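Both of the next two complexes hold chain A, though its partner changes from chain B to chain C.
Up next, the complex of A and B:
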C-alpha cells in the first residue's frame, strides 16, 4: 500500500507540482512549471470569459480597473523601475484620450495606438529634464507639464472641444459596434495583455536591469556600462505610451472625453496605486489599481445599502475612509499589497510545517 | 608583455587644488598594479580619470592602444575597463543575481542581435552563475544586494565588475572595512581572476601589507605627484616615500 501511494504522489510531483526548477534555463522561463502554466491558462480563460460571468455594472467596473491597471503599470515602469517620479501621468492619459477621440468608429483601434505613440513622443520631451534633475525637482517639472496639458485641454477648442470636451460614437470592429463594456472588454484585453506581458518581461531582462540600475545608483550604472540618457528617455516614453493607450481605451469606455477626466488628482491617484501596490513588481501595479479603483466602489455600495437618507452625509465620509485606508495600509504593510501577497503565499507553500 | 594602460602627463586641478600633477605610469598586461598614497593624494581622482568620471585638464590615457579622451564611462566599460568604488556602489534594490547579470551583459553584448531574447537571457544567467559560484555568492543569488552584510556587498561589487569580463579592473579600496579573513578571501579571488581569466588589476589600497605582498608593481602618489613607481620591494627603501607616507622616523 505504502509503495503504491508513494509512487503516485511522486508521479504527481514530477508531473504537475514541480515547484523546484532544475536548470537555470527553467528558472528564467516564464511560468516554467506545469502548475504555473496551468494557473496562467486558467487565469487567461477566466479573463476571456469574464463578460459572461458579470452583470453590466460590475463589468463596467472591471473594464475600468483593467484600464487603470494598464496605466498604473506604465507609471510603475517609470517610478518603480527606473526610479523617476512623474506627476504628469494623467496628462499623458489625456493626450492619448484626445487623440483617440478623433479616430473613432472603425478607426478606434488605430486611434488608441496613435494616442499611445503621441503620448510617448511627449514623454520623450518630458524625459529631457530628468537628465538634469532628480527627485522632488523632477516632480515639480512634471507637475508643470500636468498643468500645461490641463490648460491646453481646456483651451485648444478646435482639437479638444474646450471645457465641454468631445463625444464620440462607439468603436467598431468589422462592422460590430463595441458599445457595451462586455464587448469593449475584448478590445481592452487586446491591448492590455500584450502590454502586461511586455512590461513583465522587460523588468525581468536586460532593459529592466538597466532601469533598476539607474534607480538604485546612477553613477555606478554609468560605470557598469548603462547609457543613462537612453534609459531615462526610454522609461519616460514607455510609461507615457502605456498611459496614452490606457487613455484611449478610457475614451472608448466613456464615449466622451473632457478635461475633467485628467486633472492632477488623477496623476496622484496613479502614484498612490504604485505605492499601495508595492514597489518592484508588475503584480504590485495591478493590485494597487484594484485597491485604489475598487475600494471607492465598495464604499459606494456600502453607502447605498444603508439607505438614501444617509447618502449625503456618508458621501463625504467616504473619501475620509478611503484616505484612512491608504494611510493604514502604508503604515501596517510598507511593502504594499505585494508584500502581503508574498507572505500569504509563503504561508501556504510551507503550510503544515512552516519551519 | 604588452602595455594595457598608459597614462601620460596627467594634470587635473579643482579650483586651485592640484589633484594630479603630471602623473605618468604604465600598466603591463596581466599584472597586479597598486596605487597607494596618503589621504588626499589623488588616488581616487586618478581612478575617476581612468574610468571617465572626470576628464583630465591635460595629458592622456591610452587603453589597449586607444586614446580615451572624450570617451564616456559606459564606452570605456564596453572597451573592457571595469571598476569598483570606494564606498559601496552596488544596486541595493536589485538581487545579487541581477547585479551580476547587469555586469555580465557587457561581456555578451558583442553579439546581442544574433540571439533571441530568451536564449540570451539564460546564457547571461549561466555566465552570471559561474561568476557567483566563483566568488562563493551562489547561496545569496536571490537576496536583495542591499540586505547583505558589508563584506558580502563588497564581494557583490567585485562580482559585478568581473562578470563583464574586463581586461582591466580598477578597484578602489576593495579591502577597506573587511576582516582579516575576508581580506584573505578577496585576495585569493583577485589572484585567481588574474590567473584564470587574464584580468589585469589596478587597485588603490590602504592596507600596505596586502599591497606589498600581492602587487607586482606599485605607484606611490602624494599631493597628486608620483613619488615612486616600481616593484613593491623598493617602496620601503625609498626615502621620499618614507617621508610622505610611512612617516618620518
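Up next, the complex of A and C:
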C-alpha cells in the first residue's frame, strides 16, 4: 500500500505542485509551471469559443457571470487587497452604467471606458474619508454614499431619466451590431480579460504587496515606508474603475439602465461574492461571482421542476440561501472557495497518509 | 408657526422610535464592538411576534408576551452567529450580520408571508387636544415608552451593578475576564436587550401602521442616528433619534417642495457631514481610531 501511495503522491506533486520560484519574474508570472501555462491557454481558448458551445440562455448567464466577476474583482482588490470595506460598490456600477448609456452605438467602447474613468474619480472622492476613518465608520460612510447615489439616480432626470431610466441601442463595432449575448460576449472579453490579468499582476507585485501591508496593519505599513494616502486612494479608485466598466457592460447586456439595477442589495451581493470566493485572490472573484449569481438561476430551475406554486416564495428562499451561504463561509471556511479548493488539493496530495 | 407644530410632533414621534431602535444598536456596539446590520430584521421579527400574539391576546399583553421571546432571540443570535466570529476582522463581522439580515428576511417572509398585515387590537388611545393642537396617540405612546426607557438604560449603565459590568467589558474584555466577570453571559444579555428594544419599536410601529416586510427599512435609519449621537453613546442615540426625527419633519415641510424625495436621502447627508466634521458624534467618546 505504502509504495503505491508514495508513487501516486509523487506523481501528483510533480504534476500539480507549484515549482519553487527563484526570481521575482517567476513570482509575477501568471502561470508558473508548464502544465499551468497549458491550462491557462486552454482556458482562454475555451472562453473565446464559448458562444459556439452554449445555447442562448446559458450564454446570457455566462455573460452575466463574467461581468459580475469583473466587478467582484474590483471589490476584491479593495476588500481583500487593501482591507477597506465598501458598501457602495453598486453605486459605482451605476455611475459607469449611466455614463455608458449616453455613449452608445459606435461609441460604446469609449462610453464603457469613460464610465470606468468617472467612477474612478468618484472612487477617489469616496476614498478621502478612508484616510481619516476606518472599519465601521468607513462602512457607514460608504453606505451613505450608496444612498445618495441612489437618490441622484432617481432624481437627476436630465441625465439618468429618473425612475424610468434610459434605454439604448446595442453597441456597434465597424457597423456590426453587438445585439445578442453571443456577440456581446466578445465585447465583455475585450474589457474583462486585460483587467483580470492586470488585477492578477497587481496583487503579485509591489503595489499589491503594499495593499496587503495596509490591510494587515496600516501603522506598520506606514512605518515600512508605504504611502498610505496613495495606496488607499488607489485602491478605491481601482475598485471603482472595475465597477464602472462592469456597470457599462451590464448596460449593454440589459440594453437599459434604471435605478433598480443598483440598490444596496447589489452592493451586499458583491461583498458576498468576495466572502464566498475567498478574499483577495483573482480566482476567488470568479468563483464567488459564479456561485452567488448562480443561486437565483438554480432556484429558478428548482421551481420549474417542483411546480409553479413555489414561485411566490422564491424570493424568500433566495434570501435564506444567500444569507446562510455568507454565514456558513464566514464561520466555517473564512478563506472561501479558494481556501476550500486548496484544502481539497492538499488532502489528495497527501492521501492516504495526511501526516 | 401653528402649521409647523403638527410636523414637529410627528417628527418627535418618529424620532422616539429611531431612538429606541438605536439604543439597542449602540448598546451592542459599545459592549461588543459589533455593528449589527441586522437590527432592522430584529425589529421585523419583533413586530411579527407581536402580531402573532395579538391574534389571541389584547395588544398590550401581546407586546408583553413578545418581549421575553425577543430577548431569547437576541441570546440565540449572539450564541449562534456572533460568538463564533469573536476576534475576527471588522469586515468579517459586518458581513456576518449582513448575512444574518438576509437570512432572517427570507425566513420571516416564509413564515408570515409577504403581504401587509394589520394588528387586530390597538393600544389604549392616549391622544389629546391641547390649545388647538392635536397630539396623536401614536406620538404619546412612542415618547412615553422611548424617553423613560432611554433614560433608565442610561441610569442603569451608570449606576447599576450590571451596567458597570457592561462598561467594564467594553473598556477591556480581557481584563474583565481576568476579574472574573461572566463576560459571555453579560454580552449575551446585551444582545437580548438590544433585540428587546427593537421589538418594542417594532410593536409600536406595527400598532400604528401594520406589519409588512418593508418595516426593515426603518433599520437603515439606525446608522445615521448612531453616527450623529456617537456610535458608543447610549444617551446620544436617544437625543440623535429625536433630532433626526425633527430634521426629517422639517425637510418634509420645507425642502420637499423644492427637492422631491430628498427626505429619504437626508439622513445620509447628515451621516457624511457628521463624519467629516465630528466623527465621534454629538456625545460620543473622542477617541476615534484614526488611520
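Convention: the second predicted complex is superposed on the first by the 301 of 355 C-alpha atoms of A that agree within 3 Å, B and C clash if a C-alpha of one lies under 4 Å from a C-alpha of the other, contacts with A are read in each partner's own complex, and residues count from 1 in each chain.
Keep this in mind: contacts are C-beta pairs under 8 Å (C-beta built on N, C-alpha and C of every residue); 3 or more make two chains touch, one makes a residue touch a chain.
It should be emphasised that the depicted structure is a prediction, and the values quoted were computed from it without experimental measurement.
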item: First, second, both or neither for A:148, with chain B first and chain C second; value: second
item: Partner chain(s) touched by A:223 [first = chain B, second = chain C, both, neither]; value: first
item: Touching partner for A:79 - first (chain B), second (chain C), both, neither; value: second
item: First (chain B), second (chain C), both or neither touched by A:323; value: second
item: Per-residue contact with chain A, leading partner among chain C and chain B; value: C
item: Chain B/chain C common contact set on chain A; value: 228
item: Chain C-touching residues of chain A, taken from the complex the two chains share; value: 79, 83, 85, 129-137, 139-141, 143-145, 147-148, 150-151, 154-155, 218, 228, 232, 268, 271-272, 275, 279, 312-313, 315-327, 330-331, 334
item: Contact footprint of chain A on chain B as seen in their complex; value: 51-53, 72-74, 77-78, 82-83, 85, 89-94, 98, 101-103, 105-106, 109, 117-118, 120-122, 124-126, 129, 160-161, 164
item: Contacting residues of chain A [partner chain B, same complex]; value: 24-25, 27-29, 201, 204-206, 209-210, 212-213, 215-217, 219-228, 280
item: Residue ranges of chain C touching chain A (in the complex, touch as defined); value: 29, 33, 35, 81, 84-85, 88-92, 94-96, 98-107, 109-110, 114, 220, 223-224, 227, 231, 259-262, 264-265, 268-269, 271-272, 275-276, 279, 288-291
